[in-house]
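Lettered A, B and C in written order, each chain numbered from 1.
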């Protein structure tokens, strides 16, 4: 999910687990209205896990393990189950066992954030929503976190919604992009199709990935490359192919002439 | 010959961590033997991942921290000397990461006036400076506003105006865009570049966004408290492998150009912007069309011609 | 949480905004004293009329001011009920166990509520129309005599103004942390008092951590901008009495005289 600050992204995702109640309209989860009478919001929140921006600011327990157990505890699970889930979740985000008894406040920034994400994963949600999970991290930390989230999505079949400002991340990880503008959905489509609207996105204060930009421009000036390239690898393959094709067609001409 | 703005010689900084009160505190080296010079009027970028020592270094310039050993001279003044404290802080102003935590007043103009008040500038002069510095960051229109209602990028520009009102020779910005959205980031960087060009303020920008340092005169890359790489952006970004090893990114087109070059396409090193990339590929495309009918991928002659032309 | 308006500045161009903060501080003090001096409804009518005039002059919307009362509504109800049920009086309208409703009780409850409402509105009007920096300057100037006794007047005033500046930020933060813990299945409105108190731990720890982090950041930012206490400091907006300020002092005296007159001479 992308959109400039104040476009309504954060407000929208807080509706998805019932933290905010819509003024009008309905939200269906698994085919059921979450506003129906008697619908358990607590259950919804365990199924639709929401990780806020800078989630490490919400850590509060004395140890990492206790903090991650907070969610399962609220679900009313036994202590053994709480612990089991916490350990699984910490494993999923790559926190080593030696850190389980450490105070969350002693960890590095990236570690803290992963513990905080584990705190939501420990509820074993089917949908994981993350509000700018990489904000403030350096490139290395960013890659690690996104890599782990992508792995969860593939291996645990978790549906992931993530809010970001980084188009390169969108291109690399997302199946679909939702572009928000002034509280409305501006686009909801595959990255390649959304990035084709370069000018409209610019008007919304959004960019396309650098590679998409250059490939669109090369396409416009007549190079036989496709304009819907969104990742670095695609761009590289395309450029190499056209130059190789060009070269071999000339080689053929030489052969014919001869 | 003008004096350099900042001279750093064999700077070392250790901080102490004590987990237990009885235990001997543990020494942790944050800056490890750094020597560098920043010339007056330059736009300097310092890159590095979190914990590389870049923020610690920034705080040294502003004497929020003092060297464990080595010397740091700012505008001709030694930071180790107690009596230089206020003059140095006035010479080298500092802007921090979190826009919310560095605004003191509840009205924009009063916040900008805070610095000049502290250094004892006469009232009439404070008003002039506030007006001038707010207009230099394009925020004069917001002078009577409450900072709480501004966007992150606008708050950072107010913070920059607050520093400018002290008439510094140099501004140190410690990851000023880390908490901003892309639009806010662009605004802040554009403001800083303008101050550097028009007011000739020396800028030291600390960041981990690669696209922000493309315009710098010189880039220093820090890793584990040391300077791992330095040079013009083009020189530094030519070293894609080394940067990746340190855990840093390069702009996407730089990486693309680098990978294409690895595959044998004769592109120059250190392409920095999409425009440059497009131009280079276009040139290559045209010359491949004109070329004698041999695969340009193998054409050594062309390769050398291109690399000469592009530098 | 965003509804909290008490203690916040409301930017506007008005006579009241332009008044010297010292006038407003003294005025608020006079006003508060006037509230507690008297026990007749007619006096409160004068007080309310005065307050209403000042609000009109200040250009702060009435709705905005009243919103600030929302936060104290419980305190208000509690104190009124207490007075209503526990005050002995000559005429007893109703009696049940330890509770009774008497003429004096109704009177006291009414007074209490009225006084509290007028007090809150009056004093928040001062913060609505005075920036924390001006407030700091005004306090500093008024407290100057105590400086000789060793009281760190500038520093105390500075602390006050920073506290006011951070109220909305910490409120928003509290809200955010609450939402985040709710997303992890926490609830803040279930169970008995002890359970409720316990559920505050996940809220208070992060809040304190964040407050300290902000304090640390702010201290550094202030130092970086050459802050070193009150010594050698100049003012961007130095306090100088204008003719309107002297007029305001006269109005204040007239107001006090009117209230005393209605209360003590007319016995209304």
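Assorted remarks:
Everything that follows uses one rule, which is that contacts are C-beta pairs under 8 Å (C-beta built on N, C-alpha and C of every residue); 3 or more make two chains touch, one makes a residue touch a chain.
Not measured: the values here are computed from a predicted model.
Following the contact convention of this document, A is the list of chains adjacent to both chain B and chain C.
Taking each chain's centre as the mean of its CA atoms, C is the chain most distant from chain B.
With A-C and A-B as the two chain pairs, more C-beta contacts join A-B. Each chain gets a centre from the mean of its Cα atoms; for chain A and chain C, those two points are 45 Å apart.
Distance from the chain A centre to the chain B centre is 28 Å, each centre being the mean of its Cα atoms.
Residues 4-6, 108-110, 135-141, 165, 168, 205-207, 209-211, 213-214, 217-218, 221, 223, 232, 235-236, 239-240, 243-244, 246-248, 250-251, 253-254 of chain A are the ones that touch chain B when the two sit in their complex.
Chain contact summary for the complex, chain B toward chain A: residues 49-51, 151-152, 178-179, 181-184, 208, 247-249, 251-253, 255-256, 259-260, 263, 265, 274, 277-278, 281-282, 284-285, 288-289, 291, 293-297. Listing the residues of chain C that touch chain A in their complex gives 176-177, 179-187, 201-202, 205-206, 209-210. Residues 14, 17, 19, 42, 45-46, 49-52, 55, 57-60, 70-71, 74-75, 105, 119-120, 123 of chain A are the ones touching chain C in the complex. Listed in rising order, the residues of chain C touching chain B in the complex are 9, 11, 131-133, 161-162, 164-165, 168-169, 213-214, 217-218, 220-228, 232-238.
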